[in-house]
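Below are structures written as structure tokens.
You will see chain A twice below: alongside chain B first, and alongside chain C after that.
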Partner chain A sequence: MKMSPENTRRTLFTLILIGVALPLIFKLGLPIESSENVQMVYDLVNGQPEGSHILLSFDYDPASKPELHPMAYAVARNALERKYKIVCTALWPMGASLCADTFKRLKEEMPGIEDGVDYVNLGFKAGGIVTIQKMGSDIRDVYPADMSGTPIGELPIMDGIRNLTDFAFVYSFSAGAPGIKEWVMVAHDKNKVITTGGATAVSAPAILPYINEQKQLHGLLGGLKAAAEYEKLSGHIDIATSGMDAQSIAHLIIILFIAVGNIQYHLIRKRKRGE
Partner chain B sequence: MVHFMNWLGLWIGALLTFGIYSFLYKDNPFYKVAEQIFVGLSAGYWFVYTIYFILIPNLFNKLSADFGAHWLLIVPGILGILMLTQLVPKVAWLSRYPIALMIGTTAGISFMRYMKSDVLSQITATMINPFNGSAVEIVGQLLLVVGTICGVIYFFFSKKHEGAFGVGAKVGIYFLMVSFGAAFGYTAMARISLLIGRLQFLLFEWAPNILP
Partner chain C sequence: MKRRIPLLIAFFVGILVIVAEFIPHKPFGTLTGGLEDWFMIIAGFAIILGQMNLIKVHVLKIKHKLPNWQYFIVTIVSFAVMVIFGLFWGTEDNAGILGAGTSLVQSIGSKPFDYMFNNVYQHLSASMFSLLAFFIASAAYRAFIGRTTESNLLLIAAVLVMLGRTSLGSFLTGWLPDALSFLHLPNLAEFIMKYPNTAGQRAIMICAGLGIIGSSLRIILGIERSYLGGE
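Then we have the complex of A and B:
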């Protein structure tokens, strides 16, 4: 029986849908191993003294939420447990709202944390790389107030913070440009601040070369899988891990279809040669 | 009211998700509606956001609060207005000034940063002793050095790819193919992650609200 290309395509999509939906409903509990890049990020996040200031930049929008939001929860929760002071910024307009959403949920989990004391959302600022450069010299000039309008001088969390060099490290949740690359270029390469981050899986291959001997980037969480690895390392199994079974099954289906497609291609070529 | 708005949000989210994914069967009006709502909402959101979160706090509020201290902001304000002259063909040439300024400053800033981060630091990172470390590290370092050199050879077009040079270019192609494969793998993972995100919404947020 010969299937039309249209129906072949639809069959593949249906199988992927089933392959993703079923493991979400019926958990398989497939093992998750942490990679070196995720371990580097985890060690960095857990290797700072209590009370250290860290900067988390929410450089994504809802289109990348399924991949980057689980990372944001995992990293921010881990940092709050370590009693760090978290300063949040956003190079993407919707990033500020996604940051607010992250801390709203974390506040439900950890009622003791206080806005302006343990964390602050400085909001979005346009300008990309220029904004980061300015933060390298004076963060108060870029953000005179936090997102709710409180002047930066009245925020206890900002005591002693003048510029990027006052942070233990910078972490960018990045869906593209401006994002992690711009932070590497300015925060690390210009201001010598340790820079790390998480990126969507699509953009991860372009970011990976920055993890090198020069330590331009200190580890990387690439996509949902890396978020699940981070959840496992930090001991908080959450939404990223729950999607990993589905991810593995979908990949198996894709690999299977690639193999079947190649075998079919070679068989057709062989038949044509024979003719 | 809050409960109703949540309920409405869930239904709109679910219907738009179904609308977008219906394209996988074939192009249809539900997909078109969902697509155009997305485009319209994005443009509207950007427009309102730019006015309320960029122009008002960074320009209008500063000028009205203390004009003497911020009078220089008139310059970017005027340049911004000149951008809008694109809409009037007779004076559209005026928009070339802010565009020229933007291109010039962007090129200037980017040249220095890219030169440092993408050229100098990346080249320095490959200038390593490949035979330092464990056996696995040595293999990795050799692959890094050989892959970088052969990859660059492939993109050198001023000499014909033949002889030893051609072998280098051929090896470079294999390294490029591996990197394309990795990029494809990551892309597939990203797309599946987006599907997982939507299905998690449909199964665990929307479905419990419609089931008795």
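Then we have the complex of A and C:
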């Protein structure tokens, strides 16, 4: 029986829906192995002295939230556990709200952390790469106050912070441009600050060339799988890990359909040759 | 004169930024520092310009009753609602014209702007992106057909990466002995991403870089003038 293209598409969509929904309800617990790039990021985040200042840039919007938000939780939680001082910025307008959301949740988990002391959300600033360039010379020129309007000079976390070189490393959660590439070009290449980051799975292949001998990018978390690997390394199994089962099954369904499509194509071709 | 002055500005600013990259000392460093400030101010105004453009374009579409004009009303109303909520009651960290909206926070749990952002916009936006999974599945089924040697290579690489980049890859070949670890799906996916992919991406990046240099020189030297508008 030959299925119409419309029905084939409907069947595929239904199977994808079931394949994504069921593993979210019934956990499969598929194994998660850490890759080299994730290990590099984990070692970097865990290799700084207590009290180090780090900069997290939330360069994404809610469209990429399912992939990048779990990363943000995992990295920020790990950094807070290491007692680092986290300064957050955003090159995307919605990034500031997503940063606020991240720390709101982490504050529920770690009631001891204090805004302005352990972390600060400096908010969004328009300008992309030029904003980073300006932060390279003086961060106070770009951000005279934090999101709530507190002057930067009154924030204990900003004591001794003048520009990008005062940070142990810069981490960009990036969904596109401006994002990791811009941070590499300015923070690493111009200001010699260690730069690392996380990107959506679809944009990760274009960022991989920056992980090279010069360590322009110090490791990369690419997509939900990398976030799940990071959760495993840091010992906090969370939303990324539960999402990986669903993603694995969805990939399997797509592969099965690709196989069906190829078998169909070759059968039709064989039949035509026979005629 | 109307075109010559912008061309001269573009020429001097372009040359100045290039020189400052190699000689970051006074006066070049100071001048480019000023240019950075200007850029950030212009970028801020560009957001306002974008909002005005959004209103103008959509109002015109509604006025002329273009196809699906009803959807443009939804855009305008949504835009207005978010602006009003933001201006009147502010956001989580900032007060609005009508104050901090404490009574509203008590009744709905957060400020109206944050409530809409967290409960409507975030979910709609994530849903739109998630729909891609269905379209990719459908496109992969129709496009990944092994017709030629090249398409077969693409097909094999895609399947290996799709399996290797999920937990399923670790599950399927996790039993392989160390001597055959290169056949482990995550390792195969890692190899494809690290070598063939990176080599291709680097080639694209170098070409794009050369293209950017070429087009930048055309703008600085006044050969490329389309940014001035007009004919």
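Quick notes
The rule is simple: the second predicted complex is superposed on the first by the 275 of 275 C-alpha atoms of A that agree within 3 Å, B and C clash if a C-alpha of one lies under 4 Å from a C-alpha of the other, contacts with A are read in each partner's own complex, and residues count from 1 in each chain.
We take it that contacts are C-beta pairs under 8 Å (C-beta built on N, C-alpha and C of every residue); 3 or more make two chains touch, one makes a residue touch a chain.
This is a predicted model, so every value here is computed, not measured.
Of the two partner chains, chain B is the only one that A:21 touches; chain C does not reach it. Contacts of A:78 after superposition on the shared chain: neither chain B nor chain C is touched.
Of the two partner chains placed by the overlay, only chain B lies in contact with A:186; chain C stays clear of it.
When both complexes are overlaid on chain A, the residue A:195 reaches neither chain B nor chain C. Contact comparison for chain A: of chain B and chain C, C touches the greater number of residues. In the superposed model, A:148 makes contact with chain C only, not with chain B.
Of the two partner chains placed by the overlay, only chain C lies in contact with A:257; chain B stays clear of it. When both complexes are overlaid on chain A, the residue A:174 reaches neither chain B nor chain C.
Judged by the touch definition given at the top, the superposed model places A:126 against both chain B and chain C. Applying the stated contact rule after C-alpha superposition, one finds that A:209 touches each of chain B and chain C.
With the contact threshold set out at the top, residues 9, 13, 16, 20, 65-66, 93, 126, 130, 133, 201, 204-205, 209, 223, 225, 247, 250-251, 254 of chain A are in contact with chain B in one structure and with chain C in the other. On the side of chain B, the complex with chain A involves touching residues 24-26, 45-46, 49, 53-54, 109-110, 113-114, 116-117, 121-122, 124-126, 128, 179, 182-183, 186-190, 192-200, 203.
On the chain C side of its complex with chain A, the touching residues are 33, 36-37, 39-40, 43-44, 46-47, 91-94, 114, 117-118, 121-123, 125-126, 128-130, 133-134, 136-138, 140-142, 144-147, 155, 158-159, 162-163, 165-168, 170-171, 174, 186, 190, 193-194, 197-198, 201-202, 205. Interface residues of chain A facing chain C in the complex, by the touch rule stated above, are 8-9, 12-13, 16, 20, 30-33, 35-36, 61-66, 93, 97, 100-101, 121, 125-128, 130-131, 133-134, 137, 141-142, 147-149, 201, 204-206, 208-209, 223, 225, 228, 244-245, 247-255, 257-258, 260-262, 265. The part of chain A that touches chain B in the complex is made up of residues 6, 9-10, 13, 16-17, 20-21, 24-25, 65-67, 93, 123-124, 126, 129-130, 133, 181, 184-186, 189-190, 200-202, 204-205, 209-210, 212-214, 216, 222-225, 239, 242-243, 246-247, 250-251, 254.
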